[in-house]
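Two complexes come next, and they have one chain in common, subunit A, joined by subunit B in the first and subunit C in the second.
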Partner chain A sequence: MVARGNYRIYSNVIKNDDKFYSIFVGSAEVTGGRVRVTRLSGPYIPKIGDQVIGMITDVQPLAATVDINSYINGFIMANAFYKKRIDPSKRDLSEKVRVGDLLSARVNRIERGRDVSLSLDQRWRVDGDAIFYVSPAKAAYLLKSKSNIISKIKAFTGAGIVMGINGVIVAKGEKDSIGRITEIVRVIESQVELNGLEDMLKGVLR
Partner chain B sequence: MMPKKGPIISNLRKDQILKSISEGKHIDGRELSKQRSLEIVPGIIEKAEGSASVKLGDTHVIAGIKVEVGTPFPDTPSEGILIVNAEIFPTASEYQEPGPPDEDSIELARVVDRGIRESKMVDFSKLVIEPAKQVYVIYVDIGVLGMGGNLFDASSYAAVAALMTSSFNVYRIDGDIPVKTDEKMAMPITDFAVSLTFAKIGGSIVIDPTWEEEGIMDARLTAVYDNDGRICAMQKGGSGGLKIDDVFQMVDLGKAKYLDIRKKIVEMVENAKSGN
Partner chain C sequence: MGNLIIDGKRTDGRGPLDLRPLKLEVGTIKNAAGSSYIEHGKNKIYVAVYGPKDSHRYGTSMEKAIIRCRYHMSPFSTDERKSPQPSRREIEISKVIRDALESSLILDEFPKTLLDIYIEVVQSDGGSRSASITAASVALADAGIPMKDLVEAVAVGKVDGTLVVDLSDKEDKEGEVDLPIAFLLNEDMITLLQMDGKMTVDEFKEAVKMAKEAAIKIKTKQKEALGKKYFEKADEK
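And then the complex of A and B:
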């Protein structure tokens, strides 16, 4: 149980009478008349509108399957790569993407029992020098941080960073910059709770 | 999630691993000739005749020994029987599906079995109750709990440590029926083998590959070293080829390393036996 009384449910909480129970192991927040729990671990759970970084795991004539670091795969229709309707008998999607490529996309439809439908970002191809994975809960927390912590990490390390809410980070930069990001990722993963993560990072970035 | 045989490594991660290896380091920062941290805990399953848990980096394996009585094989009437089974549990990795053992599990069991058998670790002639009629059957069951790469070595160390610390009830023949007694017998161990696995990645030879490294390796070689450093079993894996120089480089590296692992296994087993 995380709270008792009259609250509005924000996320990951169920209500029974006047009691609020967490449905995951996580960090609870009861503020502003709302109660919510942020998961500390586990796979990424897609939500419509999320910006994710995925990896192509299969290329078929009509669509590509994408690993989005979740319990479920994503897929992108072949038309999206050409920005127009294509005839799969005349075009081969593997001329655009191959297995192992990284891309930036948004979740646009979730249906029970089916893969998650994704739409490509304007500049969808993701390239860099190193890829890192952090807990999706921590990625979401950092991306939504009001103090714009990602920009501070970019400024401190001197590297270009693309981060998906699914916990995938792609960095581009010199060896020293990548080394600094490796250290920052280690700090992010070593912090058990979300509370204090931002302060801890600010300490490292000073 | 779509069932996958193994990890698909992104092209970026592949480049990152290859770059790291060309600079003389595993992707986790180790030297190419250095194993991950090894932790062996024997005696973790109370009801088994012997057991051990092995953690090799992120790889976690448990092994359990059960001893029963059975009929010997016709070609070895005066020897006990060894049966090794391995199972990779679905919780070990997101790519592992539930169901009967797949070809990877069968290969894993075969390689561990070969290492135990060919090193003459167990004196099977002492596992006979009545020649050609009743012998002890040693079951070694291996369960993979965490798939972090190099299951061969972790499973081999777990099986070896479990066998070395196992003891079982002696059976006596009453008429034609084997009867279990309260008397205990230690597993007749004469020697033991140390397995070391190498991978060829981007032209470099590395020891103890991680799961991601296994995903991009060209070829893999497991060599099992006996007490005197002689190779008593081998297994080659992966679709790529190995040059003769690669094989020599691997086995020479193993020869320089096997004693460290051997000492560690002996130390852990002695500690377990003395109750530390």
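And then the complex of A and C:
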């Protein structure tokens, strides 16, 4: 049970009479008459506007399927790559992208029972030497952190990092910097509690 | 018959309301999305949850995720070797466990997906189905599946004319009644109720009450186990 009384539900909470229960394992917060729970486990659940990193798993003439590290796939229509309508008899999407390419995109539309529609970012192509997965709850926490932890990691390791809210981290750099990033990802995964994560990372980055 | 309760004590020295020692661990299987391990009496059970995963299989629903549940006893889990082939009993228990867990989960966020629950009994004792439900519910919480409440199950029985909680293998086989019950305590709901044997209405009401008290104890253990993995200090959640 998270709270009891007259509150408005913010997220991840269900109400039963006047009691509020969390539906996930997570840390609860009651602020300003609202109850919310921050999830600590589970798959990435897409939300409109999320910036994600995906890997192309299939290329069709008119659309590409993207693995977004979730229980559901994402897809991108071919015209997004050309920024105009295209004629499938003349052009083929495989000239733009191949299976295994990484890209940065935003969640555009979600329909029940169908793949998630994505729209490409301005500079959508993501290059990298290594790809890491962390839990989506931690990725969301790090991306929202106020102390700009991602740029600190970049400065410390000397590698280029792109991180999606779906928990995918793509790193580009020398062998040493990749090694350092591997170490940091291990630290992120070993820390269970979100609140201590930032301090712990600061300790490592020093 | 007649020697299962002597001087108010059961064969293993417990009183009628005592549970067997219960140990729960979360996150024992790294490959799975969520997992748990339970030791309840002599029961030793591993549970692994995989998914939700994208599925185009016939039978998937546009409304919600489909659950597949497999309860399996290892050949070495019993005194005599058990054939690894799924028996009638195992198929029934798989179905019953699936139903008991399904009503606790909020699955409409995952249409056209599959959720696999694998339950492997490594060492068996009485009440393995209730221990499996208790452990599977924790594994599902570990996998991040939204749920109304954790499910906790316990068996109540009648042995030598006395109502007792949490039957051991011997009491299960030689006792008069076996009554496994699973609870959703927050919702005040029962998600599993099976009965083997005969009891009066008054006895039945008393048995449900006893099971509920035991379920509250089990729920504390479940929360502790989850807290141990996700929070350094297990606090009230």
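List of remarks:
As a convention for this text, the second predicted complex is superposed on the first by the 202 of 206 C-alpha atoms of A that agree within 3 Å, B and C clash if a C-alpha of one lies under 4 Å from a C-alpha of the other, contacts with A are read in each partner's own complex, and residues count from 1 in each chain.
By our rule, a contact is a pair of C-beta atoms (placed from the backbone, for glycine too) under 8 Å apart; a residue touches a chain by one contact, two chains touch by 3 or more.
Keep in mind it's a predicted model, so treat the numbers as computed, not measured.
Taken together through their common subunit A, the two structures put subunit B and subunit C in a clash.
In the superposition on chain A, contact of A:112 is made with subunit C only, not with subunit B. When the shared chain is aligned, subunit C comes close enough to touch A:41, but subunit B does not.
Of the two partner chains, subunit B is the only one touched by A:100; subunit C is not. In the superposition on chain A, A:73 contacts both subunit B and subunit C.
Counting residues of subunit A touched by each partner, subunit B versus subunit C, the larger count belongs to C. In the superposition on chain A, A:130 contacts subunit B only, with no contact to subunit C. Applying the stated contact rule after C-alpha superposition, one finds that A:12 touches subunit C and leaves subunit B untouched.
When both complexes are aligned on chain A, the segment of subunit B among 24-32, 42-50 or 222-230 whose C-alpha atoms clash with subunit C is 42-50. Shared interface residues of subunit A (contacting subunit B in one complex, subunit C in the other): 71-73.
Within the complex formed with subunit B, the residues of subunit A that make contact are 55, 57-58, 65, 67, 70-73, 98-102, 126-131, 170.
Put simply, subunit C touches subunit A in their complex at residues 33-34, 51-54, 62, 106, 109-113, 141-149, 186-187, 226, 229-232, 236-237. The touching residues of subunit B, when paired with subunit A in their complex, are 1-2, 4, 8-14, 16.
Chain contact summary for the complex, subunit A toward subunit C: residues 1-2, 12, 14, 16, 19, 21-28, 39-43, 45, 71-73, 112-113, 192-193, 196.
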